[in-house]
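In what follows, structures are represented as structure tokens.
Two complexes are shown next, each including subunit A; its partner changes from subunit B in the first to subunit C in the second.
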Partner chain A sequence: MKLTVPHMGLLSVAYTRVLRQHGVDMQPPPKATIKTLNLGVKYSPEFACLPFKINLGNMMEALDNGADAILMPGGYGPCRFGYYGIIQEQILREQGYKFTMSTTDNPDRLSDMIDTIRDISQIRNRYDGYSVFFLILMRMAALDKATALYHYHKPREVNRGDTDQVLKQAIEMIDLADSYTKLFRTMPEVKKMYKAIRIDKSFKPVTIGVLGEIFVVIEPFANLEIEKKLGELRVEVRRGVWLSDWLNDRFRFRPFRRNQTKYATKLAKGYLNFASGGESIETVGKTVLFQKKGVDGVLHIMPFTCMPELVASAVINRISKDREYPVLSMTFDEHVSEANIITRLEAFVDLLERRRNGSISRY
Partner chain B sequence: MEAYLGIDVGSVTTKVVLIDRHGTALWSSYKKTMGQPIKALQSAFSALRRGMGDIEIRGVGTTGSGRKLADYIVGADEVKNEITAHAVSAIHHIPNVRTIVEIGGQDSKLILIRNGVVVDFSMNTVCAAGTGSFLEHQAARLGIAIEELGNYALAASSPARIAGRCTVFAESDMIHKQQMGHNLEDIVAGLCDALVRNYLNNLSRGKEISDPVIFQGGVAANPGIKASFERELGKEFIVPHYYPIMGAIGAALLSRNTTQTRFRGWSLSEKQLSTSSFYCSDCPNACGVMQINDCDEVIARWGDTCGKWGRMSE
Partner chain C sequence: MKNLRIGIPRALLYYSYAESWKLSFSELGLDVITSPETHANILREGIKHAVGDLCLPVKTFLGHAALLKDSVDLLFIPRYVSVEKESFMCPKMIGLPDVVRACFTNLPGIIDPLFHVKQFGDNAVREFTKPIAKAISQHHPDVYTLFKRNMNTAVEIPAEQNRVSARLLSEVGILSSHRKMNIGIVGRPYLLFDRHLSKNLFKYIKDLGANPIYLKPEEPDMREAMAVIPKWVYWDMGKEVVTSAHLFFKDDRVDGVINVCSSTCGPDSFTGDLIRKRLNQRNKPYMALSIDEHASDVGIQTRIEAFMDMIARVTA
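Coming up: the complex of A and B.
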């Protein structure tokens, strides 16, 4: 059995090597490219969202490369996502692909995750299952940490491109750290690498909180590398949604990190009093948080046809009005025009810069 | 004489303007790009040389969707997005401006300004309904010169109601109205109303449009659209004298901070510049890479996601 799982940000880096060691024959999909997107678009319903299309493209490319089993997260889902696996399976079967498909029924429950790992690997002992699962979680947290350091260093770098190189290296190093001991030794190394980048310490970049639907936020291919673009515009990104936070809210592997969903829900009170699916409550709550913390503005990104984020976008517009806080919403799909995105981003950054300096003195 | 150059390479027209230290326009040109931005720039440059004689360029600013291209061939000190450029220019001309309505060839913008700072903006995304290109297309179909369109609209007695949500539907609805017997003036006025409704639905969406409002961009030449806006909102729309070249003026104004200009000189108009493109086949992304050639030499390349072609020409 050659197993494949569609990509979601850096998640595949966290699990592939570890699962391979325990006898899972992993066949990760190739990195998403235009070809992936075109495949996905061709066989998806028009109004399915961008994550659905990229996932489907991932699956097709992996199957073409010899995979014969797909694992897709599912269950009651945060949005339509819960049913994606079922529909994707049907589409693939109609195209004549032969494979076995499993969807995790209850991705919020630890026991369910451990059972999944035991099903696909040679791990029989429940304790070993826990050990492997938590290692994957820790690796994910390490990858997120490396990304957060990237956000800090990118706008301040002296030689353009240095930080991108370091992030690439850091991801490779974390990928190689396949045990708890190695991982604990790797992280100081990663930090040292970032420290070695020549940065302009006196520069105070404009800060933008990036929020929205989690797949589009964490997958650079889906958002046209928006975090890199912002970094190149000398903006410090404060990302509000992290995969490791999502996992931590459910599996509590970082005891000193508070539950972000609960925190956001508390902050969102008065604007949105219940979770309306997806990351909507996080988007609303963290917009309030970023405003309080003095982050200069919020960039809210979502896939086209994303219902939960559309709700959130209406709510944060009200926050924006109430508190005179700049917010920009952008939707992404296969038709998105990069020129338009860049123009709006640049104008937004100009707006924040001028707003901070408080006048037109620059002209 | 010292001067600053502003270049706005738009989707439909190319604007070049020369200003002095204080921001007064000395010379300007407004020409159709005709799908060949480099040629348009070259001809504007030779006209500028003929008209102005010897001038010392102290700074160059470019804007518009072709701002990067213009930067590569002219050598710019400031490469700015259209939204900021338009805002800077509007604030320079009318310091207490609060709203800018800008409608160009392919896109339209709404910019809100408070106390001389941009506080909010929106821009049409995918749909070109309600922009200059659409008006031009319809004018051609009706056999009216685009400059005359506004006068027809003003002469209407009861504007026809035309569906403006989408250009395709608008066109078929216009044909329907004309077959029903509405006269040309009423149809043109209806078209202006539809465009305005579309603009307000897509861009303003509850944003507060407050006085003073400046109306700029190529479409501001059309008094029919101006009248429709004023009727719809009950506010006066000010059309500045330099309405079609406001973006270029903004870019030039921004370039006044330059200490040492990167301007490549006037030889541009005599060079044999050409663009070409190819698809990179090194990965499945198949990026379309663009390049500018000066005779056989490649001056610049862009369009690749990974950046390797861009680096090669640096």
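Coming up: the complex of A and C.
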């Protein structure tokens, strides 16, 4: 059985090697390209959201490469994500693919996740199940840490491209750290590598908080590498949603990290009083947080027709008006063009720079 | 003392629950003011205030709210999160009061009680009425009793709306000897029964000599339909849509099915796929009709005519 799981940011880096060691024949889909997207778009329902289409393309390419089992997380939230697996299976079967499909119906519960891991691997011991699962979570947190360091160094780097090289290397190193001990030894090395980058310490970059639907935020293919583009515009990105935070809110593997959803719910009071699924409450809460913390502006990105984020975008528009705080909402789908995104980002960054220099008081 | 005037926008859940709200509020001694039926200006106003690509029904709701907001003391925009133990409303419905607050300034007071059966279980109505009692400064037990009693008031069906509503297919009078073409209509009540949004679809089909059927499925039907598909649909209205489609496809007397949905509707993009591929095993004529603010009467009518021509040829 060759198991494949659709991509979501760096998640596949976190689990592939660990699960392979425990007897799961993991076959991650090839990295998403325009071909993946075209495949997904061709067979998806017209108004399905972008993550659905990219995931479907991932599955098709993985099956073409010889995978014969798919694991797709599910759920019963108000967001469409819980129903992805069903529709995707139906489409794939219609196209004549032969495979087995399993879904985890309650991805919020630890025991369900452990059972899923035990179902697919040779791990029979419950304790080992926990140990493997938490190693995957720690690796995910390490990858997020490396990405956060990238966000800090990218706008300040002296030689263009240094930071990108370091990030690539860091991801490889974390990928090789397949046990707790190795992981704890790797992290200081990663930090050292970032320290070695030549940066302009006196430079104070414009800061932009990136918020929105989690898939579009963390998957560079879906957002046309928006964080890299911002870095190249010499902007420091403050990402508001992290996959490791999302996992931490559910599985508490970093006991000293605050529960981000609860924190955001508190901050969003008065603007969004009830979480309407997805990352809506995080988007609203963190917009308020970034404004308080003096981040220069917020970039809110979401897939076209995303239901929860549409609510959030209406609400943060209001926050923007009330507090005179620059917010830019961008929608991503298969028709989005790179030139369009770059132009809008440049205009937004220009505005933030001028606002900071005091040449415009309002925006 | 003058009575409190409470405004209920005629959009979205109005078409599913308004009768019980109206009855309860008037029994509590409030003046209930509802907005008129949607017309072009209301929709235009809604689009003006809406942010981003919100869907057509929400834009309509904003239009109605805009119309009411200056002439009432309180605006009633309940937050329906779930009406059953194991399901959810669409996220836009869950965030509706916040969206309205975000899109307007100078709003009157908003009552946004939470209706959440998934969380409160049998106490849902009690929790629902607490903020209402507080907002209109009345004794909570009285409000609760009234709402509880009126809960199941069926939505009134004015004959002039030309909609056929029936609990069971057998009640629709399909079994007449002179056989007419029967067309099952599935969709969300707030889209189907808003005559402006649905371009008076029911009447048009009737005028063409066919028999449009809408039905509100019952609990056992839903269980049956959910057993046919691989995973039950966890949106309340999506479940109804899928169930009525299932009943129509199953019934020999129904000649064709039209699925009316709003163009960027999230749940319907998936349930539509389910209906087309999973439920329509017998390959009955089926048409998905998506509606947005640019839809024109003529466009919709042409498609309906073409659909009916197709059915006529298939059955002949």
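By our rule, the second predicted complex is superposed on the first by the 357 of 363 C-alpha atoms of A that agree within 3 Å, B and C clash if a C-alpha of one lies under 4 Å from a C-alpha of the other, contacts with A are read in each partner's own complex, and residues count from 1 in each chain.
Just so it is clear, a residue touches a chain if its C-beta (ideal position, glycine included) is under 8 Å from a C-beta of that chain, and two chains touch if they have at least 3 such contacts.
Quantities reported herein were computed from a predicted structural model and do not represent experimental measurements.
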item: When subunit B and subunit C are modelled together on subunit A, clash or fit; value: fit
item: Subunit B versus subunit C as contact partner of A:326, first or second or both or neither; value: first
item: First (subunit B), second (subunit C), both or neither touched by A:346; value: first
item: Partner with the higher number of touched subunit A residues, subunit C or subunit B; value: C
item: First (subunit B), second (subunit C), both or neither touched by A:305; value: second
item: First, second, both or neither for A:285, with subunit B first and subunit C second; value: neither
item: C-alpha centroid angle, subunit C to subunit B via subunit A, nearest 10°; value: 80
item: Distance of closest approach, subunit C and subunit B, by C-alpha atoms in Å; value: 6
item: Set intersection of subunit A contacts, subunit C complex versus subunit B complex; value: 317, 331
item: Residues of subunit C touching subunit A in the complex; value: 50-54, 79, 81, 86, 88-92, 94-95, 97-99, 101-103, 112, 114, 229-231, 233-235, 263-270, 272-274, 277-278
item: Touch list for subunit A against partner subunit C, complex; value: 45-49, 74, 76-80, 82-83, 85-87, 89-91, 94, 271-274, 276-278, 280, 304-308, 310-315, 317-318, 329, 331
item: In the complex, subunit B residues that touch subunit A; value: 65, 80-84, 88, 91-92, 107, 115-121, 123, 125-126, 206, 253-254, 256-257, 283-286, 305
item: Contact footprint of subunit B on subunit A as seen in their complex; value: 30, 33-36, 225, 317, 324, 326, 331, 335, 337, 339-340, 342-344, 346-348, 350-351, 354-355, 358-360, 362-363
